[in-house]
Amino acid sequence: MFELAVLDSALRMATPLILASLGGLFSERSGVVNIALEGILLTGAFASIVATYYTGNPWAGVFAGVFAGILISLIHAIVSIVFKADQIVSGVAINLLAMGLTQFLTWIIWGSSANSPPVQGMAHWSLPETWGPVARGVNTVIGHYPPLVYVALALVAVSHVVLFRTPFGLRLRATGEHPEAVDTLGVSVHAMRFAGVLMSGAFAGLGGAFLALNTHQFVKNMSAGRGFIALAAMIFGKWNPVGAFAACLLFGYAEAVQMGLQGQAVPTQFVQMIPYVLTMVALVGVIGRARPPAAIGKPY
Amino acid sequence: MNRFARLSQLLSPLVAVAAAFLVGGLVVTAIGENPFRIYAILFRGAFGSIDAIGLVLFNAVPLIFAGLAVAFAFRAGLFNIGGEGQLYVGAFVCTLAGLALGGLPAVLLIPLLILASAAGGAVWAAVPGLLKARFGVHEVINTIMMNFIAVGLTSYFIINMLREPGQMTPQTSEIALAGHLPRLAGPLSRIGIPLPQANPLNFSLVLALAAVWLAWYILYRTNLGYEIRAVGMNSQAAEYAGINVRRTIVLAMLLSGAFAGLVATNEVMGFRHRFLDNFSSGLGFMGIAVALLGKNTPLGVLLAALLFGVLNTGALEVDIFTDVPRELILVLQAITIILVVVGNEVFARRAAAREGRAAGVPLPATEPSREA
Amino acid sequence: SAEQPGSVDGALRVGMVFDVGGKGDKSFNDSAYRGLLHAADQFGVEHTEFEPGQDADRETGLRKLAQAQYDIIIGVGFLFSDAMRKVAVDYPDVKFACIDFDPRPGETLPDNLAGLKFREEEGSFLVGVIAGLFSKTGRIGFIGGMDIPLIHKFEAGYIAGAKYANPAVSVTVAYAGATPQQAFADPAKGKELALLQYGRGVDVIYHAAGSTGNGVIEAAREVNRQAIGVDSNQNYMAPGNVLTSMVKRVDNAVFKTVQSAVEGNFSGGLREFGLADDGVGYAVDEYNEDLLTEEMLSVVEDARQAIVEGTISVPTE
Amino acid sequence: MSERHAVQMRGITKRYPRALANDRVDLDVEEGEIHAIVGENGAGKSTIMKVLYGLTPPDGGEILLWGRELSGHRPADAIREGVGMVHQHFMLVDTLTVAENVVLGAEPVRGCCLFDAAASRERVRQLSSEYGLSLDPDELIENLSVGLEQRVEIVKVLYRGAKILILDEPTGVLTPQEVRELFVILRALRDAGRTIIFITHKLEEVLELADRITVMRDGRVAGVVSAAATTKEELARIMVGRDVLLRVTKEQARLGEPVLQVSRLSAVGRKGSHVLEGIDLEVRSGEVLGVAGVQGNGQTELVEVITGLRKASAGSVTVSGRETTNRSPRQVRDLGVAHIPEDRQARGLVLGFTMAENLVLGRHHREPFSSRGLLSLGDIRTHAERLIEEHDLRPRDPDVDAGHLSGGNQQKLIVAREFDGGPALLVASQPTRGVDIGAIEFVHTSLLKMRDQGAAILLISAELTEIMTLSDRIAVMYGGKIVAEFEGGRVGEEELGVAMTGGAGPTARGSVSSDGAPGSRHATGAR
């Protein structure tokens, strides 16, 4: 259970979850529930492949994923912030929209309702071999992760700093707790919430880009429920970047262990349940009540 | 509420649906198809014949149950994303009972299987309910997790223990004939509605309508409903009023799960007569959309489920007979939801503004009381 | 695609209903679709096709096609078995064919329903032989989509073949998921499953997991090991890293079925396609010919001969 | 007093869907004065201030600051022009620290873009010592008493360099000592040249503190008077438009059997500390026992234990001789205990329920409102119509949602419900908080009427005048204990105040407040 391959796998499985849950966190910290993470992941995945397909450059795909994530979360922002509609309804609708739109466009662009052709993937980062044994050593340790894994890890730290060490983060957190207070201080609640929701789009879009670029392909509904797991991780992590990160690692780890345990005497279906049962047990036993931002879900 | 507000309550979803069709039409045009032709085919698929209408209803039935499940829990302030898992367990228990109790006559077996469906769903929903009531764990996470677990568990039992002998297909044998819900084609033909015999519409529709009524009745005519709504709107006040909040949460989840479990009456008792692994393909999630579109009221759920039934049924026709894929319908559904909620807000604000203008005068300040 | 019932020029009308995954899956469904296109090319038949959104749509869709006077309706995938049985009886003038038909013991099919089965285990046996011969580590892997009987056939044949080639070989087996989503449409999961197996010394992995398997092939490319494709020839997807593909000639079956209808000699009943009639096989092309040695191929061909002659019987479970 | 006008508002009109909140209001505030605005609930006081602060755009009228027209109608514009506001409901973020709340929206920055926490702390320290407002910059708001929260609000305003301070009902939730301290601070601010606008219902305060007074009624200005030249009675008359009984008269209590008996009652808070310690109480039929105390000293918890909302860790509670210790709220209610909760919106009402539904809350499960698990809608409606009639609830429509009622009417609804059905014991917690003098008068007379009909009444109030006028006996709580008991009418405000603070400094808090019930702190924030 602790072999390197399993840990590696855990980190990679966790990466899209980490990105999506960080995204969800910015949205929810600003007071906007975001159950659209699933749809944003999917949209990001799709856009990243489209862009890579046409440009041949996976980094263009990364930017397209982020951009598409922002675009689709803009719908969520407009519907739930400007029009003050129910945030959960909006999220459900966006999930549907993402599902339909990505399949529809897959069909338009590639004539397939199932998947895209393979595209150029992202080269792993590594030091030049000419640097000698040191470079080789470093490469064997870190070289087997896709670049976006490092980006995700860095973003955990960045998110923590942004949320807890910048004026923006202070305002964002205050907006989720007590929007009136923020408003009376001359800070625009709408602007903060737009920022939160759009950031969630950017992060989850990036998560989608990772998901697709890592397999070099878009497959319909390839988010496969990860947006919901990310949401659970965010709650599990008590709306903190580091907490959410830890929860994602746990989920990723449980998933990897599950994959690694298969083929033993236990029926696969039971092994496949491990992450979910583990989550429930952990929630009851370790974590208990998590306190969401006080004004979450309430239009302002 | 004044008449304008009431009218707009009715009107706003209609306008939204129309607007969604407009947007969908633009998309269709953009891909070089004639939207009028596509929509004509869509509506032919949904309304073109008695058969088509029967299919609309048939497709609406599971959405009614799944939507009620979400809406009912919502009234207690709970967000039940676990409809999918609950309906699997409901169908599983129903199938088990239908296989085991073959000797019973229909008058006994049918009610028993209906109960079994509801009970299966209820038990599955009770777990997150209990965890919420007892440990305060957010039901959203647990219902999601329970979905995955339900799918895995039923899959295991269906494939490894209950699979129809000699079959590859991961499905059980047929349940006892006495447990089949009759199709509606026969009775309807007798009263002059020529629904084809092959149409899958069955008595589960009647159960769905009864469930809509029951949900409404429980919520608005019983103590329990009063308490559920009180807990949902203000659990502190409910506690103050002597309502056992934890118990109410568990009960609300139980009932919510029971509604989800009743999907089995259509799938297992009325249509396939067996449990097919992974039969649902996301009904539980569509239930969320249906409930929200129906504003979490039983009647709203019914209407929203019918709308989705129309779209799904028409989508099949479009998919078969044109080059426009069914995904367009998903897009259409999503746009409809977005526009309905936006429309509601816009209408509500306009109604409020009107009311203000109509009132025009300040409210009477607190009048001195007569006891003074 | 056609919309109006009744054909204009008397051409035969063919309707095809896909399995989960649908047109463009580069695998099972595409193989069926290729057969249809080939037939359209050859015989000028008209055709339409669609993918059902939910389970009940299978039966409804078949009926709609029958009502719209399609002459022959092909369901792709065993999930159509029940619906086909019912609908075929209601429309005796329409011909039906079901790929991977799942017969009940002792069942006889109506004259207008052809059940087309494949002995995937036989093809899987041969790619298993190749894997067993190729593996340097003596460890090979299998990744299935869902833990269901159909996929067990692939697994059982593959393992038997590998053991035939190398009795000491060990096979690691994994399944992707319990929902169709996770099982057949999650390449990220497939890739991780494969990387994990490769990380444990496995050097060849055979997948039977739809789009999830695309991740397996991607993993092979990434760590420069071998994958084995399934259903369609997937060798091109990562040249040099797809050892071979177990091809299931659904295209041939579809083509032949349409042909029989065109020529007026369509007959109902069960038909099984195995190694003997090229219903299944393994792919060798420019992408993998450098990987397969003469000796390997001769062992494989011997095995094929033995299976056809019945001296080797391949397990299905 | 300077000649300059700090604020001139001309013809301000503000219309809400259900009310004309401000109707051509003119307001002149001179530089360096303390200007009070008084008026009943809903008179439009908060609205005119929100307009001034830019929170609410007016439908008409103009605003001049120091003779210049105010540009823009956002709080940011007002803040820039030197206007600061302490809101009626505090605008503090619970989960942030004092310093973070103070600098929010105008944060000091370190480096390129990092929040400078050290500088924030330093500024808060500096400002609070400048005006004698001792505050710990690192304390979380959720751990502060209301009095301290208010200081944070004031520091917030000062931090932004406000020259005009608006305080909307700043004294409603303060103890007498805290009020006195606040006044000292406000006078100091005025003497330092700042202009203060001060909203209140409390006429004594106005006369004590203000230089000039604007009286509002029904959204209009009913008069502007100088504090030196008016009396309480005159102010009340301008406010309400009629003579008001400023003091209720009560008859001698006719004591009956003991109804509520509390002995050696203790309860433990979330963090394991004692929130109640060895409380002994007795309330007899026909008697009002007032419980005074600084908020957060266990009053909330005492009420919760008595009504079954919180578990006792030791001791016992009996009602009419029956043991109710740690019984469920329903069991307690069914013994004839009625309860006016301290926070009407958080506990007392389901805002999404209609008036009729709210009027049976807590009794919905009993005959005649339900039988065999089914609601009797007819009886519920009749009941509602009767209570609406008897208590003059507005609007007179049982189908209106309680959320659409004004604050005063919400409170009256609860009073009507809890008074109905002849309870043996009435636990009334802050029964007149935030309601105007007309409604206060009503609640007070009703309470005494109930007492005279033989009910036992436990009255908890932060309003000392209320305690002193209504109570037959007064118990004082401090630190979760009863520290003193007085006969009603035999004790002065001063004496009570000293007992309430346990002899310590005026803003001292007992050990219990930091982990009081979750609702107790919010109670002060909500209206």
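All chains are identified by letter, namely A, B, C and D, in their written order; residue positions are counted from 1 within each chain.
Operating definition for what follows: a residue touches a chain if its C-beta (ideal position, glycine included) is under 8 Å from a C-beta of that chain, and two chains touch if they have at least 3 such contacts.
Note that the coordinates shown come from a computational prediction; the quantities given were computed from them, not determined experimentally.
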Each chain counted as touching chain B and chain D at once: A
Interface with more contacting C-beta pairs, comparing A-C to B-C: A-C
Mean-CA-position distance for chain C and chain B (Å): 36
Inter-chain centre distance, chain A versus chain D - centres from mean C-alpha coordinates, in Å: 44
Geometric centre distance via CA averages, chain D-chain C, whole Å: 74
Where chain C touches two or more other chains at once, by residue number: 51, 147, 178
Sequence positions of chain D contacting 2 or more other chains: none
Where chain A touches two or more other chains, by residue: 107, 113, 225, 267, 269, 272-273
Interchain contacts, given as pairs of chains that touch: A-B, A-C, A-D, B-C, B-D
Residue ranges of chain A in contact with chain D within the complex: 161, 165-171, 173-174, 177-178, 180-187, 294
Chain B partner contacts - residues on chain D that touch it in the complex: 15-21, 23, 40-43, 217-219, 240, 242, 244-245, 307-309, 328-334, 339, 341, 346-353, 357, 361-362, 364-365, 370, 373-375, 377, 391-392, 394, 406, 408-409, 435-436, 438-439, 441-442, 445-446, 449, 519
Complex interface listing, chain B residues touching chain D: 220-227, 229-230, 233-234, 236-244, 352-353, 355-356, 359-372
Contact footprint of chain B on chain A as seen in their complex: 75, 79, 83-86, 88-90, 92-97, 99-101, 103-104, 107-108, 113, 225, 228-229, 231-232, 235-236, 267, 269-270, 272-273, 275-277, 279-280, 283-284, 287-290
In the complex, chain C residues that touch chain A: 21-26, 29, 51, 147, 172-175, 177-178, 181-182, 185-193, 195-196, 199-200, 211, 214-215, 218, 222, 237
